[in-house]
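What follows is a pair of complexes built around subunit A, which joins subunit B in one and subunit C in the other.
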Partner chain A sequence: MVILSILLLAAALPFSSVFYFSSIVINRVAILVLLLSSLLAFNTLLLEPLGVGVGIYGGVCLVSVISQAFDCFILASGSLLLVLATGILPMKSLYYWSSTREEITHDPLSKLIPLILLLSTLGMSCLVTSSDLVTVYLSIELQSLPLYILACLYRDSEPATSAALKYFLIGALSSCLFLLGSSLLYALSGLTSLEGVYLVSSLGVGYSGFLIPVLFIGLAVLIKLPAAPFHYWAPDVYDGVPTLVTSWLAIMPKIALLAFLLLYQGLSQIGGIVVTEQSVWGFILLGSALLSLVLGALLGVAQYRIKRMVAYSTISHLGFLLLALGLVTPQGLEAYLFYLFQYVVTSSNLFFVLLVYSNQVLETWGDSTVFLEQPKPEKDPSEESYWLEGLSVMRTPTTKPLLISSEYNRISCFHSNPVLALSFAICLFSMAGIPPLIGFFGKLLVLTTALDSGYYFLVFIAILVSVITTGFYLRVIRVLFFDSIHFEISRSTEMILRRAVLSESDPKPLHSMVIATLSLIIILFLAYPYPSLNSLHLIALSFYFW
Partner chain B sequence: MPPQKVKTDYEPIDTDPHFTRVVRYFRNSDYLVWATTTAFGPAFYYLLEKGGRVPSPNLGFGLKLSACVGAVGGFLFAYQRSSMRFWGWTENLQEYDRDLREMRQRIKEGKPLYGVSRMSEYAQMSSSWMSRYAALRFSAFPIFNFVNHNNHGVDTSRYYKDLENDDENEEKF
Partner chain C sequence: MNDNSLMTNSLVLYLLGLLGFLINRRSFINLLLSIELMLLATTLVFLESSYFFDDLIGLPFGLFIIAIAAAESAIGLGVLVAYYRLRGSITLEQF
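This part shows the complex of A and B:
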């Protein structure tokens, strides 16, 4: 479905000048495509026949309950995140130097963005069903290459270009490690099928050397995630790229890569055959979880830019996910799946709110004659882009770096739309793990499972880290609702802010609907948790016992 | 490589049915699903149009494009449902009887069960590897079986069972 639609849309693109359609049309059709694809994946989610997994395409793909569930989830999440790009305004944020509305609407590159995202989603969808080293590698590249293109959309902004280059180079390093591991595995076994490699390695009596390639592949995935201690690229990249792309980077590749890590568990147990009773890979996962928890929380506290803070928060969440994954028990898997689900729901909602705030200022900028007459910024393009990023943080003339959201939120966000500010606060509370929101149950499941498995030290650290991360979430909430302006703002900035307050730039009905739905899921999960928990329980059991 | 045996609730008819066979075995409910999904495409697009508050310059084109996508999606849905009945994953009594009738008829007429192919045995086998259970991944890549191969993963002896009795019954009738 996805590949057919990509071809259909690609064939339709050259006729845009004939039929006079804009990027919005392509974007909306792309949402429909992903939604239908998600339903197609859901339609085959049958427990009994898929229990042991069905090999297809000559054995290069393995379809199982868990892979179909992940496929369905990835496509549905992609569809939801594409809603972020509906309407002209987020597109304008990508092309803020375009001088006229006409130019923005008919920019040929903007029409390609939904197609690029569809290609990336196709790679993710393939990754979760791949059972061969070649298809795994191709899927990882297919999901990454479109994202490299998207990351470098701000070609005239130095930080944005730097972030895109960094993302590309890190991706290349990860691919190199993956290829090295794959080649070594092939050299040792003569096979590329993951199941075949597993069988061959299981037959070995002594140290077979399989551990090293398996670790290389695992590390390559950890770098891409980004889990600590390989996380240093993430804050720079998340901060530098457009918010629309950040939302995609922070959510979509993570689901696919985490799904692959889960499916990779079988192969990674190879390390445990000879070296110790527990697999070496398990220790690496738990070590990475510990570092992610600690570094994500400690470094996140020091951040004053919203998107950098979100990046460190993501790393901290990855710590919880890896902790659940490293337990290698059905309960751990259940906790892992639930944590991933709540992370996607909460993060999506957070980015929706951030983009809506971003649009408020964008609308003001878009209507401003000053903006339209202004050429491309020359002196400090980064500052310009940060403004257009909405809730990002701008460097101010004062010596002390401050949150732009402080004055901006008080003036425009809270007073102009208190309900939206409340949704923002709910997201942050959920991420902090405050009961009775969905984030609390995610953390609770992971920690109780880890306690049952005897990882007392890790649980202690995770609780400590939760308290620290709560601190930096609460700091944003304090800024959002209580802070007053405490630094001087320039005349032009003040004008923009006042216009933002005065403009009737409420979120679009569709965005409001999505934000409201996600916020209700976050709040009301407690009221009816059984469908989601029971489904995840069945999926976890099917993975271990079928 | 023999076809994988999958534990199913119903008797499998064919694990890699030919494209035309799958389409011929569509039930009315499949056509209904196809029509509903086709209509869902433009309806969903219109909802996004109204909800987006940003009118697209050419609404008609968007609706047509979404109807195309809806039609493709609807066909894949219907095909997937029909395929799952062939595999025995969902209720298939109606199709089972029809298949039995048709195959016995072919035997009586002296035709090969699954048609004739000009491809080599190896090519037929390779094509069956690629298309068997491929409807499971329709969300990403739709791959259909257009080859009349003989690797269908089912026991064909049932088509020959009681065939003589059937002939006698028909003669009596």
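This part shows the complex of A and C:
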């Protein structure tokens, strides 16, 4: 909540400083703001006074240990992902490639990115504390409306806008579903607070009419996460929008919505049906987990564009998360929290690496004059491929060639930057669940707790599926390390690409520092796992047994 | 008009919006209108039930929904304009 005041400061910044602040300064301010508020959330993470939760603002918000922990985590990872935005030049079109670095840095659009991201982070941190349908709705909208804008940030690129359109439509549909659920709940009971629902359902009134609206709300959240039966928008959207935006879309709303799903499940007890065996909600959750696991892995194998592959692997990870959530035991909660933690660390590392690669390519292309003579942007965009005929792999500015995994070798082969390639490989291995890395422990925790609860079939499927996902991660690694370079494109482009390989424009120091830190976390988690595991254990216990 | 018919009316409105959203394949404007219809139908449900319950919570919720629906459609139209500038039409055939 403290972030609100700081957010106002950030809102005032662009107005007062159009003249002399560069976007980098504003971005750094936003990073510091997020870090500071994460620290504040961490400071208020007190087990004793918070206990089962303190209602604030007349009971529409509930601050409990777990919500504070999520708050802290969301803000911290938000600041981490904002680091990603520091060096990024908002390439609106190919025109901009001719403009100098200075012009791009002072582009008004790039100053807005931190602000948009801050707004959406505010929505997320409100979402985890809210315990009333009004605040839940408002904060879901607050976190998703800036994301629609963000997805449409590169408005001169066709895939980005159509992906933004898709994202907007799906988001609006899911919020309509949410509203339907909450309005029916209100019409049935006159309640909007989740605690009220919990009270009524635990009184055992036997009001089965509760079930339907409560399920609608849960389904709306499942649509917003791309959980399996509703996942079809995710690969298109993640692939269409620029990588910077993808990193935000793929990680941040997911943390907040999963946290909300957990709190919602706990608070409303889904109309008192979770605690019983054979509950409808548990069935839906586990079924969705199963579908996510299977579809994410099977469809991911068929992908050849790296961001689509990442999207499908995200869906498969979501399957693990929902499996852990559907167990409804303290151990399951612990596994859930840990899996979420490792997922965020690993995938933000992945996006950092991807973005550094794409920066390398863009920078070397940006100052090459050979390329800039060709573009004729006033042509019909659907004919873009013809002026880029030399680059058959590249259709628009946002779909950079490296996004196609088989094209990796041209730009980002092992020899151009071994350490970067190595950290990419580490991160992919961790996602696949190779033992010494952090991803393995996440999967291990989830699967063992699921085994303890007796879901043998699901565990079997999950293990099979993680083998399949390892297959497509390994394919990227093979391309990265072992494929030989073969050029089959026109000579001028070949020169550019060779220059891209040879000139070796290094990643920005901040980026490389973050990549190094995250990779080290992924590797060295084994050495000292106690702080994170113990704190997650405490949080899980406080959620259940306070 | 008793309360049941009012409630049924607004749910039917919601259903119309949902069907419009799902069946329609061509025009983005229709999709936007269907979303608006759904949002306003839920607003109506909130207002009616707050009237019948003599409860104050539903009214501000309805107001919030109206405000957010306006913001949402504004953003949707903004995205649509960007899309139109690039493609020259607003049909959604390639989805």
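Basically, the second predicted complex is superposed on the first by the 446 of 546 C-alpha atoms of A that agree within 3 Å, B and C clash if a C-alpha of one lies under 4 Å from a C-alpha of the other, contacts with A are read in each partner's own complex, and residues count from 1 in each chain.
One rule holds in what follows: a contact is a pair of C-beta atoms (placed from the backbone, for glycine too) under 8 Å apart; a residue touches a chain by one contact, two chains touch by 3 or more.
If you're wondering where the values come from, they're calculated on a predicted model, not measured in any experiment.
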When subunit B and subunit C are modelled together on subunit A, clash or fit: fit
Touched partner set for A:P509, first subunit B, second subunit C, both or neither: first
Partner chain(s) touched by A:L138 [first = subunit B, second = subunit C, both, neither]: second
Partner chain in contact with A:G58 - subunit B first, subunit C second, else both or neither: first
Which of subunit B and subunit C A:T44 touches, first, second, both or neither: first
Partner chain in contact with A:L184 - subunit B first, subunit C second, else both or neither: second
Comparing the two partners subunit B and subunit C, which touches a greater set of residues in subunit A: B
First, second, both or neither for A:L32, with subunit B first and subunit C second: first
Superposed arrangement, angle subtended at the Cα centre of subunit A by subunit B and subunit C, nearest 10 degrees: 90
Touching partner for A:T129 - first (subunit B), second (subunit C), both, neither: first
Subunit B versus subunit C - smallest C-alpha distance in the overlay, whole Å: 16
Residues of subunit A at both interfaces, subunit B in one complex, subunit C in the other: none
Subunit B residues touching subunit A - in the complex, by the definition given at the top: 4, 6-9, 37, 41, 44-45, 48-54, 56-58, 61-62, 65-66, 68-70, 72-73, 76-77, 80-81, 84, 87, 89-90, 126, 129-130, 132-143
Interfacial residue positions of subunit A with respect to subunit B in the complex: 1-5, 8-9, 12, 19-22, 24-25, 28-29, 31-33, 35-41, 43-44, 46, 48-49, 51-52, 54-59, 61, 63, 68, 71-72, 75, 83, 86-89, 105, 122, 125-126, 129, 508-510, 513
Contact footprint of subunit C on subunit A as seen in their complex: 133-134, 137-138, 141, 145, 148-149, 152, 155-158, 161-162, 164-166, 168-169, 172-173, 175-176, 179-180, 182-184, 186-187, 190, 192, 380-382
Subunit C residues touching subunit A - in the complex, by the definition given at the top: 7, 14, 17-18, 21, 28, 31, 35, 38-39, 42, 45-46, 48-50, 53, 55, 57-58, 60-61, 64-65, 68, 71-72, 75-76, 78-80, 82-83, 85-88, 92, 94-95
